[in-house]
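Two complexes follow with subunit A in common, the first pairing it with subunit B and the second with subunit C.
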Partner chain A sequence: MGGNSGNSVYESAGAALAPVESSAGVVIRTSNLSRRFGRVEAVRNVSLEVPGGCVCGLLGLNGSGKTTLIRLLLGHLRPSAGQVRLLGRSYQQDEPGIRERVGYVADARYLYEWMTVSETLDFTRAFHRTWDDAKVRSLIDRLGLPLDRKVAELSRGHRARLCLTLALAYNPELIILDELTAGLDPVVRREVLKNVIEEIGREGRTVLFSSHSVEEVERLADQVAIMHCGEVVVHASIDDLKQSQPAPMTLEEIFFKLVGSADGGRERR
Partner chain B sequence: MNGKMFRALLWKEWRESRLRFLALFCTFHLPLVFFYQAMRMLKGRQHDLFVFQIAAPRNMYATLFYQSAFNMTIGLFLIAFFAASAFSGEYEGNRLFFMFERPVRRGALLAVKWGVYMFEALVAICLSLFTSQLLVYLAYNADGSPVLAIPGEQLAEVLGACLRGAIWLAVLGAGAFGSSFLFAVVFPRWWTGMIAGTITVGTFLLFMYFRIYDWMFWAFTHQPGPAGPPIEKYARLEGGPLLWLLVPALLCYAASHHFLKRKEIR
Partner chain C sequence: MRIKIDASSGVPIYLQIVNQVRTQVALGQLKPEDPLPSVRQLAADLVVNPNTIARAYLDLEHQGIIYKRAGQGTYVSLRAVEMSKNERVRIFSELLEKALVEGLHLELDHSEMESVFRDLMTRVNGRDENGARGES
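== the complex of A and B ==
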């Protein structure tokens, strides 16, 4: 499991790692997943297994393939090669079934600008059998969402909070967050992260989130998958990753060691 | 898809399209505005505006003529434009992402969107034949010149002609809508949909031109009797061609379904 460590730099950082253990079954499973856009291979041969109940941070530089990988996981893009299974199912088998059980917040907040916040919530509720009104009310209160305001008039922070509310409102088993806090000011970021942390405390909830921020991943995640040039170069629990280093290192130092030192000779294929 | 989802989707499509539908509906009455203005200018000058004027229900015939000519040409392009905007607008703004995240099949999303926009487009193009007649009647009466002294039998003939015209326009409009919508699904840019619409409308017009325009040609080329041009010649219903013209619309729907199901969101 974990990275496709064909490179010596990656091996030196991750070779001593034990496989990530699965406690509640594998929720995300990809095997040799690749996606090519013309000549560029945005995701290359990724085999990843994320067990149930864990919080996995997907860490990487801009253009490392995080968003493409997430879109492959969500079925928005078709793989050039390999397979994706979420919650034990493939999109070919049961796309609506997977969507019912997966919550997603995209990096760009795709919302209907002409709806009010209240209309957006009402509209979305119609599609989810497991919609939890009490939880939505609680999130609205905690996040301070202005119900009567049109989405077009919302600030970036409010949009992120609305998207998060929509993603959590139907108690999905798997939550995928793509750059949730990108572009948010520190106060909003803290608020949003606080809610994510509370949410992931619930039993059985699995979270995969992508981020540029090592600090964010270290704070939230149990596991980290580091992407570089379309590959998952390391996937391990954060503690194991730190312990595997010859000298005590922070996650940030490990990240830069992996990505920074590999940067020189590697280009996207 | 359950009833709740269906109602939510209907609500969304209606809210998104209602202003465009209103604009489309109003645009279909432009020929009437021009016609009415022309009649006002010529009023009292004993000007032989058109062959229709010598007939008793002349204003209704003339309205039917202008309205049909508009609907069959510019009107079908408007339908194509409307269909292209139905899908491409939502795709270009990436708002479809939001819908693709919901546990509802893409086919259901397409069916509701297709249904709502098609219904609105066909209502606009078909109803305009009737509403234009009604507006002519109201306008002339409001103007103090009740020229519409039309016997009941002839009124029924005019309305029957409108109905036949509406059936033809519905079938032709469905084809124009379908091809434009299909291209918008495959190439999500509004102008690609327009190109498809143009090709379809052009093809339809070449094929159907003489059928619906028989009456108009007759009016141009013959000296009408006291009853005016023989309105029974207008848009004669022929089951075979009508059914055949539905085939492209149905094929376009099936193809749109096929492509949307495989559509990637980048």
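== the complex of A and C ==
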């Protein structure tokens, strides 16, 4: 094998391991981010950097601060201290610019219950210049969304699929998903994940998603960030994390080693 | 090509794919010039991040097991077969190692195990020859 190909081995393997596109740079950057609710510090001093093109899974027990961190990232909550920059901008500088380029699914996503699915799509479409009609049609087909049904009458599964369609419809560069598959049955879950995977396969997409499921993080993510008591206690590539253990360990074992048993951690609420 | 991912394993997923493709080539389940699914296709089938599949394919390519034909896809390479000789030895030695460890636990000494091994060889060889004669 020649020196040149040896070089390209290194470069391409590195790209697969920690895909950093030079042009994309760091897509999510928080510095010393904190948020308190009264006496409780739900997110504490989080400094996180997620490079462009990377899929980062956010793992943590209930009440570890995942959802608060995501709400801070989405600008749905103001930080008590520290900063958020998405795609190189802060909300103070350019909130509309961020909203155009970030798609999200979160529990708190506001839907008008009295609208039908197709009215919801038309309504949201009006806010996005980059809305992709062809993509929306194919998502509706594949996900089997009932266009004439009222949002109030949707099952949990259909609701999640509608939210995912809304999040992907305008081809955002950064996609943030909070517990996308929580409460979904295995068939719907698989279908939803397949669509997320297809999206990851597109050029230059960065994804941050939170999940209870270690398996889901393992399958989907390049990197994992583990939260415990409001802090990010580990942020690393999953393969590196596994291979850095003295003996072979599953991600689940590493997770439990870090956060302890459910009752071993400090009670947050 | 059938690949099974164990997401609750200490082995990185890309390595699971690499090992399974190598094993299938060694066992002749994948033959030279057989096409492999595209990165996107396999990612969707296995519900695994496409970056992970790409990394596994890259590894296999550098090992000479598969090659890319520009614009057409990925195929099992001719060299994979000669390489698979080593692979077959590796698989066999792994099996044998397990048996040897068990033997030590059963407190058999080297010569006892060797004689069992020779007896088995003779018996299996005999069976092979009979089988071959029966077929021809």
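In the analysis below, the second predicted complex is superposed on the first by the 235 of 269 C-alpha atoms of A that agree within 3 Å, B and C clash if a C-alpha of one lies under 4 Å from a C-alpha of the other, contacts with A are read in each partner's own complex, and residues count from 1 in each chain.
In this section, a residue touches a chain if its C-beta (ideal position, glycine included) is under 8 Å from a C-beta of that chain, and two chains touch if they have at least 3 such contacts.
What you see is a predicted model, and the numbers here were worked out from it, not measured in a lab.
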Combined model on subunit A where subunit B meets subunit C, clash or fit: fit
Output check: A:239 vs subunit B and subunit C. Expected answer is one of first, second, both, neither. What do you get? second
Thinking of the overlay built on chain A, is A:190 touched by subunit B (first), by subunit C (second), by both, or by neither? second
Between subunit B and subunit C, whom does A:77 touch in the aligned arrangement: first, second, both, or neither? first
Kindly classify A:97 by the partners it touches after superposition: subunit B alone (first), subunit C alone (second), both, or neither? first
Touching A:61 in the superposition: subunit B (first), subunit C (second), both, neither? neither
In the overlaid three-chain picture, which partner chain does A:248 touch, first (subunit B) or second (subunit C), both, or neither? second
Based on the superposed arrangement, let me know which partner A:214 touches: subunit B (first), subunit C (second), both, or neither? second
Partner touching more residues of subunit A, subunit B vs subunit C, is chain C
Rounded to whole Å, the nearest C-alpha atoms of subunit B and subunit C in the superposition sit apart by 27
On subunit A, which stretch or stretches are contacted by subunit B in one complex as well as by subunit C in the other? none
Under the stated contact criterion, what part of subunit A meets subunit B in this complex? 71, 74, 76-78, 95-100, 104, 106, 108, 110-115, 123-124, 126-128
Subunit A touches which residues of subunit C in the complex? 5, 7-14, 39-40, 43-44, 46-52, 54-55, 58-59, 62
Looking at the complex, which residues from subunit A come into contact with subunit C? 9, 12-13, 16-17, 19, 55, 190, 193-194, 197-198, 200-201, 214-215, 218-222, 238-239, 242-243, 245, 248-253
Can you list the residues on subunit B that touch subunit A in the complex? 4-5, 7-8, 11-12, 15-16, 93-95, 97-98, 100-105, 262, 264-266
